[in-house]
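In the two complexes that follow, chain A is the common piece, with chain B as its partner first and chain C second.
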Partner chain A sequence: MGKNFLAENLPETTVCSPAEVRPFYDDFHGDLMEISMGPHHPSTHGVFRMDVTLDGEIVVKLKPVFGYLHRNHEKIAEGNSYFAAIPYTDRLDYLCSLTNNWAYVHAVEKLAGITVPERAEYLRIILGELGRLINHVCLVGFLLNDLGTSFTPLLYSLRERERMLDLVEELTGSRMMCNFFRFGGLRTDISADWLARLKGYLEGLFARYLDEQDALLTGNEILLARTQGVGVLSPELAVRAGITGPMLRASGVNYDIRKVDRYSIYERFNFGIPIGAHGDTYDRYMMRMLEMRESVKIILQAIRTVPAGEHINPNAKNRGLRPKAGESYARIEGPKGELGFYLISDGSAKPYRFRIRPPSLINLTVLEEICIGQTLADTVVILGGVDIVLGEVDR
Partner chain B sequence: MSLYDPESILSSIAAAFPEITAATLITNTGSSAQHSLLLDKKHAVAVAVFLRDDINLRLDYCSNVTGVDSLKAGYLEVVYHLYSIEKKSTKPVVLRLRTDGREGDTVQVPSLVPVWRSCELQEREIYDLFGVVFTGHPDLRRLLMWDAFEDYPMRKDYTSPEEK
Partner chain C sequence: MLGTGIIKGLYITAKNFVGTYFNPDERLTTLQYPEEAACIPENYRNFPFLIYDGSDPVEGLRCVACKMCENECPPRCISIVAERDEKGKILKRPRVFELDISVCMGCGICAEVCPFDSIKMDHHFEIATAERFDSLRLNLPQLAKSNEYFRKTHPIDALAVDTKRAEKANKAASKTQSPA
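Up next is the complex of A and B:
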C-alpha cells in the first residue's frame, strides 16, 4: 500500500460534482435478497416451495412453486373403475381421508342417482365431523409449532389425534387410509359400543383438551403478538379468490356449505358457524378452536339420535358401476374448505373425466397478497394458518 | 323455476345482450341434471362480468375450473362452476368454453381470471395438463409439471415416454 491517497494527489477527473455525490448506503438499502424456502423445509408441511424476495426482513414478493408431490391422481382415476378410485381419495388430504371419501361418494351418488339410507347418513356425519376434529387438532398443533412453541402444544394435540386415530383404526382397520365410504352407505356398520366410546371420549378427555388448550394458549400474550394482524385477508378479496372453509369465515364471510347446501342431513342438527372479524392468522386459529366445539356438538347429537337400519343401500352397485352418460359436480364442507368432485360419465365403467376441486390449492391463490409487507418469520405462521396438505395441493 | 336454473340464466343473458347469441344451453342427460351454458368465446368475458355483477344473480364465486378433452369431437373444453356467496345459491351454474381445435393456434380461450381471481391457479393447471392457452391470463406458466416438460398428460391421446 505504497500509494498516497491524499486528495491533492488524485487526478482531477475523479472529482465528482456535488449533484452526483450520493450517500453510500443508498445502493445497499435497495438490495433485495431472494430466498428459496422449501421444498425440504419443515414449516412448509410437505414438499412446497416459496420463492421469497426480501427487503431486509420484509417480504416484497412471493411466488409459490407447486408440483413436487404431483402424481396425476386424476389421470390414474380415469383409468380405473369408479369403485377403485375410493382408496386413492384417501391419499389426497391424508390427514382426513374420511371427508375425502365422503366428497367422492357424494359426487358418484349424484351422478348415478343412488340414495343413502337414514342410518348411513347419521354415521357419515359422525365420521365426517370426526375427520374435521382430527384435521383441526393437527392444524392447531402444527401452527403453534411453526410459531416456535417448541413441541408442547404439538404433543398435546397429537396425543388427542392418537386417541381418535385409535378409534378410527378399530373401526376401519387403518389409521389414516380409511377407505370406509361406499356408494350408498358405508363399508360396515358401526357398533353401539364404538359410538358409546366415542361419546365418552368427546365428553371426557377431548373436552378437557379443548379447555386446556384455551387456558394455556388462546389468550397467551406471545401467541397474540405473533398472530394478530398477521396475514390479513379482506372479505372482498377472499370471495373473489375463491377462498373457502375456515379461512373464508375468518375474514368475516358467513359461508358454510353444511348450512348453504344442506347436503346429507345437516339441517337436522343444531350447530353454529363461527365467524371471524379481522381475517388475520389469530382469527384463523380461533375458527378452528371454535369449530371443534361445534363438531363435538354435532357428533353428540347424532350419536343420541342415530336410528337403527341399513348401513348401506342394498340396491347400490359398487363394483362394476356404470352410471348413465352425464356429469355431476358435488361438494362438501371439508375441514380445509370446499372439497368438490366433478365427474363426467360416458356410460362406461370408467369415469371419462375425474376432477378434484382442491381447497388447499385454491386457498393458496392469495398467499402472495397476504404475505407482502410481513416478515419472513411471519410467512411461516401465515402458511401454517392457511392449512395445506401437499397431497391435495399437488394431487 | 329458480333464478339459478340454466334456462332462466340463459334468458337473462339474452336480455342483457339482445343483438348477439352469447350462450347456448347444453343439456345433461344424467341423474344430476346439471345443465350447462356454452359461451361464445368472443363475448365470454363480457357475459362473465354480467353474471358476476348483475344485482339479481351476483355469481361472485367461481368454485371449480375443469379442462375436458373431447378427443372424438376434436376440441378441448373448459368448464366453470359458479355459485353466489352473497345470495347463497345451492346449485352450480355451469359455463363451458370450447376451443376451435386441439393443436397450435386453435387451442385458445379467453381467460376469466380478470373476472374471478379464483381461476388463476386452476387455469394454469389446465394450461399445464391440457395445453389450453388462456388469452389474457396474467401469469400463464406450468403449475404441476416442470418447465422443460413438453407434452400435455391429461389429454386422452397422451402416451407416456415409457409407452412410446
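Up next is the complex of A and C:
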C-alpha cells in the first residue's frame, strides 16, 4: 500500500486547456441523500417531520409526515355534549383560539338555528380580528427566526403579542385557551373601558410596531434575497389543491371568505384584501403585514360603531343543547385560511359526526411541489411562510 | 442603493436599544419572576376550588352535591359522592369531592354552570408537587377555601355573588314569615 505513494508510482501530470476544466463534482455521481428533518427540529414549528431527499443541496423529493400530535380531537368531541366541545376547539390552533371558537359556535348556530344579537356580532368581529393580529404577529416573528435573524424581530413581535395576550387574559381569563364564545353570543360582555384600551393600544404602540417592523424588514436586502422567488406557488396549483387564506392570496387569487360568504356582519366594514403577485415566500410575508393593517382598520371601525344591547341571545341554550337532526357546515376566514366545522346531529345531546377542516393541513399538501428545486435551507423558510400549527394539523 | 434597507433596520434596532433605557415601560417587558410578581387580572382562571361561608369548611360549604359540574366537565375530572345519613337518605352535601388537576384543563365551565356559586376558579398557580399521582388529586379539605379568600382575589365577582345570595336569603326569610 505504502509503495503507491512513492514518487515514481504517481501518474504523470497532464495540463488540460481551460475549456476542459470542469468542477470536480460533475464527475461525481453520488447517491441521493435522504435526511429526516424533525420531528424535533426547531424549524418545524412543533412535532412535524419532513423526509427530504437531496441531490447535493437541492431538494428532489419531500415527504411531509404528520400525526405526532394527534389527540383524537374529533372523537372526543363526538363523545361530549355540544357545549363541552368549545374548550377543546381552543386547543386546535392554539395561537388564535378566538377564531376557532367562532368557527365552531357558528356551525352549531347554523345547525340549531340560533340567532346572534347585534352587539355580540360586533364584539365577535373585534375578537376575531384580534386573534388574526396575534397569529400574524407570531408568524412574522417566527418566519424571521427561521431565516436566521436570531431573535430581534421575533422578540419585537412577541413583545407586542404579549400586550395583546394581556388584554385577552383580562377579558377571558386565559392567555391562549380563551373558551369565550357561546352559542348565541359571548360568555361575558365586554366593558367600554376594555374596548377603549384596545383602541388606544392599536393606535399607539401597535401602529408603531407595524411601522418599525416594516422599516426593519420589508426593504431589507437580506430578507429580499432569501425570500423572493423562493417556494413559488402558481395560482392554478393553489386553486386545484384547495389552498386558502393568505397563502392563496399571495399567489394572486382574490378569495377571502369574509368577502365571499359575508358571514357575520363583515359587509358593514370597509376593508381591503391584499393580493400578491408572485406567490413566493416574500409575498406570503407581505400578505401578513398588510392584513394586519386591514384588521386594525376593522377593529377600529367596530369599536367606533358597536351598539349597546345584549352580549348573548337570552333564548339560546348552551347547556344540554339538542339540535334537531340534520347537518351543517360553517366556515370562517381564519388567520391561516378557511376554517370549517362540519356537524351531523341525530337529535341527541352529542354530535353524531364532528369534523374539522383545518386550513394548515390543506395548505401543507403542496409543500413538496413548492420545495422541489430549492435548497434545504430554503425549505425551512418555505415551511415558515406556509404558517402551520401542529395542534390543528394533527388534531 | 444596495444596503439602505439594512442601515434602516440597524437604525430601528438602535432606537429600540436606546429606548429600553429611556422608556422601559414601552420597550422592556421582562419581569424577574420569583422576585417580581405579574399582576393577575380578576378574570384569570387556573383550577377550581370550593367556597365555604363562615369559619367551618364542612358546615359552611355551599356545595349541595347536585353533580352539575361533574356532568358538564369536558375532561370529566370531577367526581362527587353525596353524603347519606344512617337510613341511606341523600343529604345535600358531598362526602367525597375529588378533582384531578392533572386532567383538569382550566376551562371554567364548572364555575359557569354551578347554580349555587359554590365552585369558582382559583388564582393560585404555584402548585408544583414532587409526586404526580395522589398529590394532584385534590380532595374536599384541600379544595375548600373561605369566602374571605374569594373576596380578596375576586373583589367584583364576590360582591355580585354576595348581594345575590343576600337577596335570595331575604326572600326565603320573608316567605317563611308570611305564612306564619
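Before moving on, here are some points about what is shown:
As a working rule, the second predicted complex is superposed on the first by the 366 of 395 C-alpha atoms of A that agree within 3 Å, B and C clash if a C-alpha of one lies under 4 Å from a C-alpha of the other, contacts with A are read in each partner's own complex, and residues count from 1 in each chain.
The definition used in the following text is that a residue touches a chain if its C-beta (ideal position, glycine included) is under 8 Å from a C-beta of that chain, and two chains touch if they have at least 3 such contacts.
Model, not experiment: these values are computed from the prediction.
Using the contact criterion defined above for the overlaid structures, shared-chain residue A:Ala207 touches neither chain B nor chain C, since it reaches no partner. Of the two partner chains placed around the shared chain by superposition, chain B is the only one that A:Glu338 touches, whereas chain C remains out of contact.
In the superposition on chain A, contact of A:Gly326 is made with chain B only, not with chain C.
Which of chain B and chain C touches more residues of chain A: that partner is B.
Once chain A of one complex is fitted onto chain A of the other, the partner contacts of A:Ile58 are absent, as it touches neither chain B nor chain C. Overlap of the chain B and chain C interfaces on chain A: none, as no residue is touched by both. Put simply, chain B touches chain A in their complex at residues 28-32, 34, 60-64, 66, 68, 79, 81, 85, 88, 90, 92, 94, 116-122, 129, 142-146, 153-154. Chain A contributes residues 66-67, 70, 72, 74-75, 110-113, 237, 239-244, 253, 255, 260-262, 323-331, 338, 340, 342, 344-345, 353, 355, 357, 361-362, 364-366, 394-395 to its touches with chain B in the complex. Interface residues of chain C facing chain A in the complex, by the touch rule stated above, are 2-6, 8-9, 11-13, 15-16, 26-27, 29, 41, 43-45, 72-74, 105-109, 112-113, 121.
Across the complex, chain A meets chain C through its residues 80-81, 83-88, 90, 152, 156, 159, 162-163, 169-174, 177, 179, 187, 205, 212, 215-224, 319.
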